[in-house]
Amino acid sequence: MLSQLPLLPVLLPLLGAPACALLRRPLAAWVFSCAVSVLALAAAIALLAATWQQGVLSYALGGWAAPWGIEYRIDLLNALVLLLVSAMGAAVLLGARASVWREIPEHKRTLFFVAYLLCLAGLLGIAATGDAFNLFVFLEISSLATYALVATGRDRRALVAAYNYLVMGTIGATFILIGIGFVYMLTGTLNMADLAQRLPAVGQSRTAFAAYAFIVVGVCLKLALFPLHLWLPGAYTRAPSIVTVFLAATATKVALYVLIRFSFTVFQVEYSILALPLETVFVVLGVVAVFAGSLVAVFEPDLKRGLAYSSVAQVGYMVIGVGLGTVAGLQASLIHLFNHAIMKGTLFMALAAVVLRLGGSTYAQMQGVGRSMPITTACLLLGGLSLIGVPGTAGFISKWYLVTAAADREQWLLVLLILAGSLLTAVYIWRLVETAYLAPRQSPASIAPRALEAPAGLLAVLVVLALANIYFGLDTRLPVQTAGGAANGLLAAVLP
Amino acid sequence: MDVFSYFNYWVVVVLMMLGFFIVIARGNLVKKLIGLNIFQTSVFILYISAGKVMGGAAPILADGVELYSNPLPHVLILTAIVVGIATTSVGLALVVRIHAAYGTVEEADILEQDATC
Amino acid sequence: MLSFTIIVILLVMLVALARAFTGPNVFDRVLAANLFGTKTVLLIAAISYLLGSPDYLDIAVIYALINYISVIGVLRVTEIRRERRQAGAE
Amino acid sequence: MSTLWLWASDACLLIGSFLLLTGALGFLRFPDFYARIHACGVTETLATGFVLLGLLLRSDDAMPQVKLVLILLFVLFSSPTASHALAKAAWNAGVRPRDNSGKRRVSLPHTDP
Amino acid sequence: MLCLLVATAIALIAVRGLLASIMLTSVYGLLSASFFVTMDAVDVAFTEAAVGAGVSPLLLLLTVAIVGRREAASNARRLVVPLLLVTVTGALLIIGTLDMPSFGSPDAPAQTHVAPRYLQQSGDEIGIPNVVTSVLASYRAYDTLGEVLVIFTAGVAVLLALAPAGQGGSARAEPPAPEHLAPHTILQVVSKLLIPFMLLFAFYVQFHGEYGPGGGFQAGVIFASGIILYGLLYGLPTVCRVIPPPVVEVLAAVGALIYGLTGVLSLLAGKNFLDYSALAADPVTGQHIGIIAIELGVGIAVAAVIITIYYAFAGRLHTRED
Amino acid sequence: MSDSNGLLLASLAIAPLAILGIVLLRSRPNWREGVSVLASIALFAVNIGIYHSLQQGATLSWRSGEILPGLRLELAVEPLGALFALIASFLWLVTVVYAVGYMRGHGEQNQTRFYAFFALSIGCVMGVAFSGNLLTLFLFYEMLSLSTWPLVVHAGNDKARHGGRVYLGVLLGTSIVFFLPAIILTWWSTGSLSFVPGGLFPENTDPRLLSALLVLFVFGVGKAAMMPFHRWLPAAMVAPTPVSALLHAVAVVKAGVFSLVKIGVYVFGLDQLAAVDSREWLLYLAGFTLLAASIVAMQKDNLKARLAYSTVSQLAYVTLGVLLAVPDGVTGSGLHIAMHAFGKITLFFCAGAILVASHKTEVSQLRGLGRQMPFTMAAFLLASLSIAGLPPTGGTWSKWFLMLGTLDTGALVLTAALVVSSLLNIVYLTLIPVRAFWRFDGADEAAAPTEVREAPLACCLAIGVTTAICVALFLFPQPLYELVAQIPLGGG
């Protein structure tokens, strides 16, 4: 079974989804999905361990060797993303029951879990595959499932958000498809490793440039990088709470992975970063994203929406890391990818609890929530502190690496901007803290204060996530070493 | 002749642009999806053009035929077509729901309704 | 002769397209689409002979099928729409 | 394949092409919907028949012939049906024919279906 | 042909009214399929014909029947940005084409690198003439599994969006208003004659895929089209009685599972996922068995999903909005 | 040895344990306060233990696993830290006793939260005091900012919220925008963040880098309240008085200047510090701050605001002492941390006592109050003398060493600034109790309520203890001085 390991994290949810559709009772579907996602997580953990021991793992699907068949090719980068996505997928699902039962009508629950599994399988499939076109297929699986999941939000605006996401996401996917088509025409292959070998020979052609441009734009649409982020706030805000948690923790991360994979493996860094002015483009867009996202988040009356904009900002940080074009920068980017998934997972999970109990997440509704839901609010606060980058939390580690990476390039202005960005984060997090703890509770008579804390299942997952923020702020070996190994594997041959 | 050898591709480019234009310029949600359809179909044409070999036959093995067109783009596009119809159907389902919720499928009207409430 | 037929078919398709574009009402367009469809069937069949691969006939068959279904679909849809409107007015 | 068959086939194709062209002309130039549907419907079946027959004469395998016959059957069934359905739907929808001048509606006894 | 395509697309921009647009879309699908034929892409043409000219316009039509076919005049000030975007994209695309291998050249990398192996060796390795099917169902079978799951996802998504509230599961006992339409006797009779042929043809396409154009996906679409035709003429309740929605939904999942489990079987036999040579003593026989099995899965899944989608839309059509 | 390290960890562990106890016993106020008092006693005892093992020459340290490559959380005891911890834990004890009286006397809400965060802040102070490298220092520094915020906004009204925003905004802002980059730069250029006697930077470090770093550090440690980043201190005056006492005498501000001293001594090293270009104008900025703050303080009628500006001024003394980069300056700074702590906390206690007893907050209302509250006012007088640096109080010594330091460097302008500022101190602080005792005319007869009495016993007790220490330190400054003298000053 060990030789099948690279496939398992993807295959389990992929086949689990149709199997889940056969279950009629929502509860059974939930239990089944949980089991599947936990198994996938176990496989992903084993896979990461195996990758550490044995280096790159290759798995030929259908038994056909690489450029002819589809290959799963797992290096540290894949393994890290797989682990992250499956872990968040499993965690969110485990805590999802109460929230789903509250927000999704009964006849849709089974389908909801099926779509969730499909989305998970799609994201994992993107992260595992070594074939450019296979990536597109799984991208579409996850995207379609995402549209459906977003549309299950109770507000009718969820529909519009899902529709906009669908249109923009499809444009993005089609752009990626165009790009893949161009590189295929240039090289005749779709396998990423093979592409990497054959592209340099044609790297100077204008077609290669256009191909890269299309892929980058397409991926950035999915990634919600600044000017292409328009779908994200709506989708995150209007989606059911659980979906938001899952998407925020995984979807943009996988998109970033795709960006890194195409930039550094397929097109290779000599081309993508050194030959093109992308370095500047990424850094500038990243900085603009940080400030635009954070500023909107500061003035947003709804916390969920504010955090969605904050995601736009955080994507900016990650892209800055990529744009630095150094091993340190990439490592910082990957570390932030990992940590941000945990932070946003915590924050949105806490918001799921808040929405569950209070029916909404505007600041007005959340007044005094610190007293009625102390544990949830504490977790929310922990996630927020991590987002700011307070030392001792995971967010600090990200900021540290990002700033050192920028300092290595001696870009002092960038250092300042990065840090100033986290000040803005502090502003909106503090707005939340004041609302939660200082404002009088909204209509205290109507709700019994003791009964308000989130249900146990949700709370348990939330607390674990919140503690993970602290844990990964103190014991950073997993993300730092894996990200370091991955970054070295991608860039060390070429760059300092 | 360079120009002729690219003629096919350029027409495809024009098609893509037309489709793309419908997607972003039109306010009707159904029309947007139609545009998306055109856009995607044009990409299919691009791929298939790339797989054509002058003088080749369809890639169904037959005796006495030496030159075949490239089967790989065909396979890819088969998948892509399925993806396209899947996207369209999901999009249309959303449009139906939006119509039920807003009573309109014009983007401007929807924005207006959202702004007022 | 085959090529000539193909050219003629293409010409007819152009005409149909023009009608589909200008057609004053829905039914003209439907008719044009229908015409277009049947011509496509012929076109594919002819092309298959031109290229010497009879496999293409399968496609022609499916065109014929699809074309028929499409026309019926359009008709039913317009009717249903009207019926709904009437029912709504009542 | 003997030349005779090929000649015959070419003839069929030519007739078919001619019919197609006339139908198209009518479809393009006729003043109202019913005239146009008439032009199409009449020529279509015949033209299709001829073209398919022409093709049929060119093949010597059984399978393509079966398929061609299938297509022919299909068109023969579906085309008039579609025309009929279209005309009926148009009538129900209130589309009325015009007279030659193209200005005045012909008053026909209106029978509600 | 291409110019016709362009003309259609321009017409699509110019035309107002959704029904006309759909007609043009259908025409566009037909045209592009014809183009695929001239490009030797038979299977693609087959699929595009069934999807681009068939299913997709049908779905659009159903939608338009629900939401109305009027289209508001577009706002002139909305044109500048789109034009700019489109121009930039177009320019980039043109740039991209400049250094492309020229059209139809047999020396292009795409023709010389990976594809030759399929053409040269699939006959020995897989043993079926249709190379597209070989690649689709064996070399890149995993993509096709992904494809099946995409369509399955679409089914789930549509159900998730359109499943009527207030009824348990997906068992909607449709009580739509009786069809007091003008009875389409002629249509009904003719169609009743034709539908069996269609279904038969679907089976032919299903099992002929190894030798000629066709395969599970196309067969599924044709099968579903036949059912949809039936539904259009006899009304949703009738067709729901013949093929109950829950059954279809189960079938969709079963189809996907058949595919997946074929792969799992080879996994259990100690080979890699979807390595059909594990399915029989002789590898080529194994490939045959595998391909037949997965094509069956594809066919079932596709037909079931498309029918499901049709049910979902048609259900909306008949239940009046409140 | 392991016992001593146990002590070190215990000093950090006590606060969380206390919080647990406080939260668990939230429905029983007496037990809850009992836990607070017990914890503070325990902490003080632990710190005395640490002090003793330090005197016996033991080295206490603890390291975590690697957080960042080559970087760990490190705790280590050195003399300055031990001094700071000792003072802080002792004053915590006193403040807790005082707080019990004050909070009950004042009928405050949310007392559980108050005590919990009180304990948390003192835990962070311990962390700051014993941090073994810059990273650890930064960690606890930030935690301290965050954990004191709930104390500052305790009242929960708009004014408190606004104050809290300024407080946290300035502290977090400076630390993120200046302090963190400074740390990262240090790390980037030296590859280490440990506190090393004599400094981290190799000889050939780019002087421009050092200049920039010094500026970043001085402004980055916002808690040191260097102008123009002093605004948070007056803003934090919205807090209840025990908090103000703790913040402005012990925890926050002292953590700030303490960090600066540590950075000056252990990161730069006095020799290198003396050579840094930007030191010069920072010195003058410090001089300006201490004068300007004194002048502002004079104009404030609100007693707590006046004390706040006084603190700003006194903190500048400490900063100035470090920046002088001479041993006497550092000794003066170290001592002043202690002396000012006792003096200022007494003043705040007094202000709180006055508030509790008479509900007066403005200086102008205090005339004649000496009759009603003679004890408080006497304490106020002594403490203000200590701040001004006059005998018979401990403040004398620290000012003395600071003066020596300025003379050492020959910066007579600064000497003058110190003198002038001390004079101003006398004017704006010492005159308050004097006026309280001497009624200058009869116009205030009506304003002096007759029913005012001394504050609750707990408050008076605390005031008494700290005042006594202020005086005692004048007589017996030896232990403190010895401790400060142990600071390894490198080549100095």
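Each chain gets a letter, A, B, C, D, E and F, in the order it is written, and its residues are counted from 1.
Simple rule for what comes next: a residue touches a chain if its C-beta (ideal position, glycine included) is under 8 Å from a C-beta of that chain, and two chains touch if they have at least 3 such contacts.
Just so we're on the same page, UniProt names per chain: A, F = Monovalent cation/H+ antiporter subunit D family protein; B = Cation:proton antiporter subunit C; C = PH regulation protein F; D = Monovalent cation/H(+) antiporter subunit G.
Since the model is a prediction, treat every value here as computed from it, not as a measurement.
Under the contact definition stated at the top, the chains bordering both chain D and chain E are C.
Here the chain-to-chain distance from chain E to chain F, counted in touching steps, is 2.
Following the contact convention of this document, E is the list of chains adjacent to both chain A and chain B.
In terms of the distance between Cα centroids, chain D is separated most widely from F.
When chain pairs are compared by contacting C-beta pairs, B-E ranks highest. In this assembly, the C-alpha centroid of chain A lies 46 Å from the C-alpha centroid of chain C. Here the spacing of chain C and chain D, counted between their Cα centres, is 12 Å. Per-chain Cα centroids separate chain D from chain F by 99 Å. Residues of chain D in contact with at least two other chains: 70, 74, 78, 81, 85, 92.
Counting partner chains per residue, chain A has residues 133, 137, 140, 144, 147-148, 151, 178, 184-185, 190 touching two or more of them.
Residue positions of chain B with contacts to 2 or more other chains are 16, 20, 33, 50, 57-58, 60, 72-73, 76, 79, 83, 86-87, 90, 94-95, 97. If you check the complex, the residues on chain E that touch chain D are 182, 184, 186-187, 190-191, 193-194, 197, 201. Residues of chain F touching chain A in their complex: 64-69, 73, 135, 138-139, 142-143, 146, 150, 153, 156, 160-161, 164-165, 168-169, 172-173, 176-177, 180-181, 184-185, 187-188.
Those residues of chain C that touch chain E in the complex are listed here as 10, 13-14, 16-17, 20-21, 23, 26, 29-30, 32-33, 36-37, 40, 43-44, 47-48, 53, 55-56, 58-59, 61-63, 65-70, 72-74, 76-81, 83-84, 87-88. Touching chain E in their complex are the following residues of chain A: 4, 7, 11, 14-15, 17-19, 21-22, 24, 59-64, 67-70, 105-108, 110-112, 114-115, 118, 121-122, 125, 131, 133-134, 137-138, 140-141, 144-145, 147-149, 151-152, 178, 182, 184-190, 194, 198, 202, 205-211, 213-214. Within the complex, the chain A residues that touch chain F are 385, 388-392, 397, 399-401, 403-404, 407-408, 415-416, 419-420, 422-423, 426, 430, 434, 437-438, 473-477, 480.
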